[in-house]
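Common to both upcoming complexes is chain A, partnered first by chain B, then by chain C.
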Partner chain A sequence: MARNLSENDLKPVAGGGLLDRRLLLKSGLVLATAQSVSTSVGADEVDPSDPPWQRKTGGPFTTYGTPSPFEKYVIRNIGGNRTPAGDGVSWTPLEDLEGIITPSGLHFERHHDGVPAIDPALHRLVIHGLVRQPLEFTVESLLRYPMQSRFLFIECGGNSNAGWHEEPIQRPVGAFHGLVSCSEWTGVPLAILLNEAGIDAGASWVIAEGADAGLLNVSLPLSKLVDDAMVALYQNGERIRPENGYPLRLIVPGWEGITSVKWLRRLHVTDTPSMTRNETAKYTELLPSGKARMFTFVMDAKSLITSPSPGQKMYGADTYEIRGLAWSGRGRIAKVDVSADGGKSWAEAHLQDPVLPQCFTRFRMPWAWNGKPAVLKSRATDETGYVQPEREVLVKERGRDGYFHYNAIVSWAVDEDGEITHVYA
Partner chain B sequence: MSMPRHLALAIALAGAIGPARGDVAALKAPKLGTPLKPAEVSKWDRTIFPDGRGLPPGRGTAEEGRSLYAAKCASCHGARGEGATAEDLIGPPKPPTPDNPNKTIGAYWPFATTVFDFIARSMPPAAPGSLSGDEVYALTAFLLSANGVIKEDEVMTAATLPKVKMPNRDGFVWIDVEAK
Partner chain C sequence: MARNLSENDLKPVAGGGLLDRRLLLKSGLVLATAQSVSTSVGADEVDPSDPPWQRKTGGPFTTYGTPSPFEKYVIRNIGGNRTPAGDGVSWTPLEDLEGIITPSGLHFERHHDGVPAIDPALHRLVIHGLVRQPLEFTVESLLRYPMQSRFLFIECGGNSNAGWHEEPIQRPVGAFHGLVSCSEWTGVPLAILLNEAGIDAGASWVIAEGADAGLLNVSLPLSKLVDDAMVALYQNGERIRPENGYPLRLIVPGWEGITSVKWLRRLHVTDTPSMTRNETAKYTELLPSGKARMFTFVMDAKSLITSPSPGQKMYGADTYEIRGLAWSGRGRIAKVDVSADGGKSWAEAHLQDPVLPQCFTRFRMPWAWNGKPAVLKSRATDETGYVQPEREVLVKERGRDGYFHYNAIVSWAVDEDGEITHVYA
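Up next is the complex of A and B:
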């Protein structure tokens, strides 16, 4: 139950009972949150003031820690993949996570032919093409270069594609929008390595290739790679996990996930794209005109409410904290507006520090829910002024056959029982 | 934090114009890359361009490709390329329309070289890279012919494949990079 709220605190700033975001700064405030439906085991036999684990030596030291067994349901959802086994996705359970960093073991996956078991001693990065001197780097040598760290989201270009469906899909938010995750990536600025090879004046593209089965390849404009790409070796402080590109991953901030090539083995500097399958047949978006958008690299601003969200439940009229995530491939999130009346009125949410470019931003909003049906929405605006569109607007512009780059406003309906469903509203 | 734009550009251009002024990281960066000779580079280089650069020697026809397809591809893509556990590969050679948003090779793919590149590097999934140059030319010829893009008896080689004009060649608009 929410506590320490004065009458003044409960004055709504928008329809449906949204409260002033500054309320969240008030000390001693306690808000309710929507809960995943859970069962507690053996609660009757144990007195919480004197539980058994306080009365004997605890477990041993471990060389590498893992989550509490009580959190065993917080896992990547591996769903809907076709055969063969290597082609598919696993989703980040966004509804179960807080803050802005995705634990490495829960970072989403999109593999086209499995996870290669790479021995770092046998892995090389080759830079060649329109360069003064083609070069080969060992992983060990790259570890000795000056490094930089950035907190960055990576989002698959196909994330949220169920949004194009005629009917709103009913799934937990992670299994719908969870092909996006956020990590601290650390590595060598690519500009340093390109400089060492010496870029020819006529160069304008780089073809990046991974060392997975299938040698995934994409063409990228040289200007972006020089600007802010890195060859990452670390994710969240430790060496990158195999499924995220061990031992080397190209990180291209704010661009669709396929450009951040995992298991990076080759950069071919050229003057033209190679027109690979994954930039022509796929990762292009067919428009109603019959033309298709191509090289749609930037992930536009997006936001969604992670609590309350489908699969969770609200327990009666109360003052709740709405929680969510926002991000933009174009830079920082400038603001997130929240609506509790299906978009008729909006109020600005509190953005939690830090607010970083091309990174998850956590937003929060106090909400006095009166127990009546409501429709929740969130709408991100980034520092370029780009505003996340309503679904209607996006579908009108793009049609429904584009498949990639769905970033429309997401709507959750809350009914009188506190059940939450996905709606188009 | 990301490197300031002008600095990063300066570093990349330093090869041509001398070391970037004031960039400590670049100046201190060890130069640990091992130079590669052209013969060594060609072992690594797997890029194939729409103009045919990078295509290996070899030749193949649709007829040769048909039996290879039945043996090595049909189990996942369907006996007639209609799709099974994996994508459909055969459709009409007509660019997509709102009523028929078809993205198969003949309808959607802008370049014939892409078919060769993808089969050579990625297919079949259990043994990518196992097909010979001749086999990939034959499979590419088979798929292009079955999609109605080339005639059945056209021989595909490094010279002929890049000349194949795909029906949807002009069906794409570049969004986040300027088209040349």
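Up next is the complex of A and C:
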């Protein structure tokens, strides 16, 4: 199966056939999938058997490109509650993507009142409340301020909540965990704007409000906003897409997605949370102890194996690359361990550079599958030492009333036919 | 103009009002562009004077997003020779973008025979010639190999060639220097595929061929391909766009764009260059010495100020952020110096993290413009110590017959009215 590798190279580093991650960095870990051909193949002259696109001039230049028609099934999966109109989600197809960037057109959506069609010339951002001088900013004026760019994930606080179900849900990974995406965001550090308004000594909270029909709002601690939040104008190099907050989005690194308020129109500086729907009816959860979790802003470390994953099929006993994503709201991913025997043994995956804080990290692990049943898991550890928990540990701690912040280890079962299913194991 | 900054903070670090780059990292470098407003602004109740998008539910969820209609002028600028059909270029609008990622829809194009509409199920990649065993790969088979992801720029060898003109061309920066773009590319390290075919001892070159109607080909040293080339399948997270090589593109980090052969169908391993049109009629240049430059693959270090830049307008004496891009085919950018007095004095710009090899690096510099005429320049230095040359130095070395590899320092003149023009200074 593999050439130019010693027996020692191919010695498993954990149960179920996991191989040393360093094999990915040297050539020779070969999957025998190429076909031998006669050397006459690929001769220069145009052959009538050549495919049609080699026999005539191709298509024209375009001012703005789109994916190949052959990729038309790689789309956001629209789901969730769509009543009332404009309330729902669309999921990023994580199983179809590679690297760490989510194309802006496939960034997940969560709206409560649809996508407002905002004219940037008329849009305003107001900072008021406990400030020396309330200020109003046009988009044009914000473009003049010093900017920063950061690669950051945004994850809905309700992402992966099907994990709380009694029975494991059977869906492609993107339709289960795809309310998370990662982009390069560029904008103005909020500290600069708050400083210009002049924060009163007694201020401690900020109510951020969007310009959608529901004027979605959320209360945020002032300290976090001063620390590392930004008012973003650009996503993945170009101006933010409408469904992601055009023309302005508050970006709160590592915190639940609702805090990164889209279509940002107002920052009301106060000395107390507003206790609106998004702090009471939602985002607050009863624990087995009888106490409630509230203001659970930070998204804990999490990881997923995107390939192989449910809906995909193994093609027989061979050497595979296990691929996945890991992220943490607390900072950088320190390591990702992978298991091919349901968690009995683990080995450390290769982390793709660059490894950035509050950003997707792509991990890769070589796996010699012997064609027998296996259970794959991945377990993320972040730079604070936080370790992604097994599902039973999370359920024990959070109880059966959980809805938000599901970040347990995910398990995929592979059977003899190479079919992959989601299991609780 | 600026609050909470000392006189010392605002002391220029170079002529023409360049300020300490560290001011970008602390709040207080404020541009007085916000308007004071009464605290009644932004009250909760919906006001009839509210913009229309706050008065009704917005648009629906979409399976694949697109930019706001208000951004319809941010497009690739189609230009260059379009005779015969399919031969030409389209330029990335660098002046409209921020951060380091180029949206895939705006990645520059250079085609000789249009964009082939390739069916990935029928496409094949062949490796043959001086190999132990010629191999043919389907796209499906390549997806099974170990992959890597890298953030890399691709620059056309002919980018910026208007710089050789006797008179400075007056165009937006993207229509002058926009045959360069930067993406996250993911694919299979070519060393793995070449190793599987088994390279003969005498092999030293590879002829890479695309599947467009012209079967574009180029000769590449085997050593570079084994070192760091990849067969890419993904660009910015999703499968490569048709105009950028769908389904397969050879990526040769840091080398002139033509070497990153799109629609890759064939790698012919040889012991000599093929001396086709792309090594003889093109990409070879006569020097003043009478000698010719040939196989000048590496793209030298280069930088550009994207804001302010021609076509934009200053809005009066104030503090500005100078923004730009730098890159080098030899590795990382070590520093970017900026001048506001036509090169008499220089100060070091802030480099935005992450700074990656053969990748765009975004630089930023605070500038207190006094409203008087100024000449802005940027000068990149890469980790090998190579310094971007002044124009007269480049012309002296390369002569008047130059066409490719123009990487001289670019100068923008700002007049009292805040108009910006391209100058040779």
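Operating definition for what follows: the second predicted complex is superposed on the first by the 395 of 425 C-alpha atoms of A that agree within 3 Å, B and C clash if a C-alpha of one lies under 4 Å from a C-alpha of the other, contacts with A are read in each partner's own complex, and residues count from 1 in each chain.
Keep this in mind: a contact is a pair of C-beta atoms (placed from the backbone, for glycine too) under 8 Å apart; a residue touches a chain by one contact, two chains touch by 3 or more.
Small disclaimer: the values here were computed from a predicted structure and weren't measured.
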Touched partner set for A:I192, first chain B, second chain C, both or neither: both
First (chain B), second (chain C), both or neither touched by A:E238: second
Chain B versus chain C as contact partner of A:T272, first or second or both or neither: first
Which superposed partner A:A425 touches (first chain B, second chain C, both, neither): neither
Partner chain in contact with A:H111 - chain B first, chain C second, else both or neither: second
First (chain B), second (chain C), both or neither touched by A:V126: both
Which of chain B and chain C A:A213 touches, first, second, both or neither: both
Larger contact residue set on chain A - chain B or chain C: C
Chain B versus chain C as contact partner of A:R144, first or second or both or neither: both
Partner chain(s) touched by A:E136 [first = chain B, second = chain C, both, neither]: both
Chain C-contacting residues of chain A that also contact chain B: 82, 84, 86, 113, 126, 128, 133-138, 141, 144-146, 148, 189, 191-198, 209, 213, 215, 265-266, 268
Touching residues (chain side chain A, partner chain B) in the complex: 82-84, 86-87, 112-113, 126-128, 131-138, 141-142, 144-146, 148, 150, 189, 191-201, 204, 207, 209, 213-217, 221-222, 226-228, 253, 265-266, 268, 270, 272, 274-277, 280-281, 284, 286, 288, 290-298, 357, 399, 401
Interface residues, chain B side, partner chain A - complex: 1-3, 5, 8-9, 11-16, 20, 25-26, 28-36, 38, 40-41, 44-51, 76, 85-86, 95-98, 101, 103, 105, 108-111, 113-114, 117-118, 121-122, 125-126, 128-129, 171-177, 180
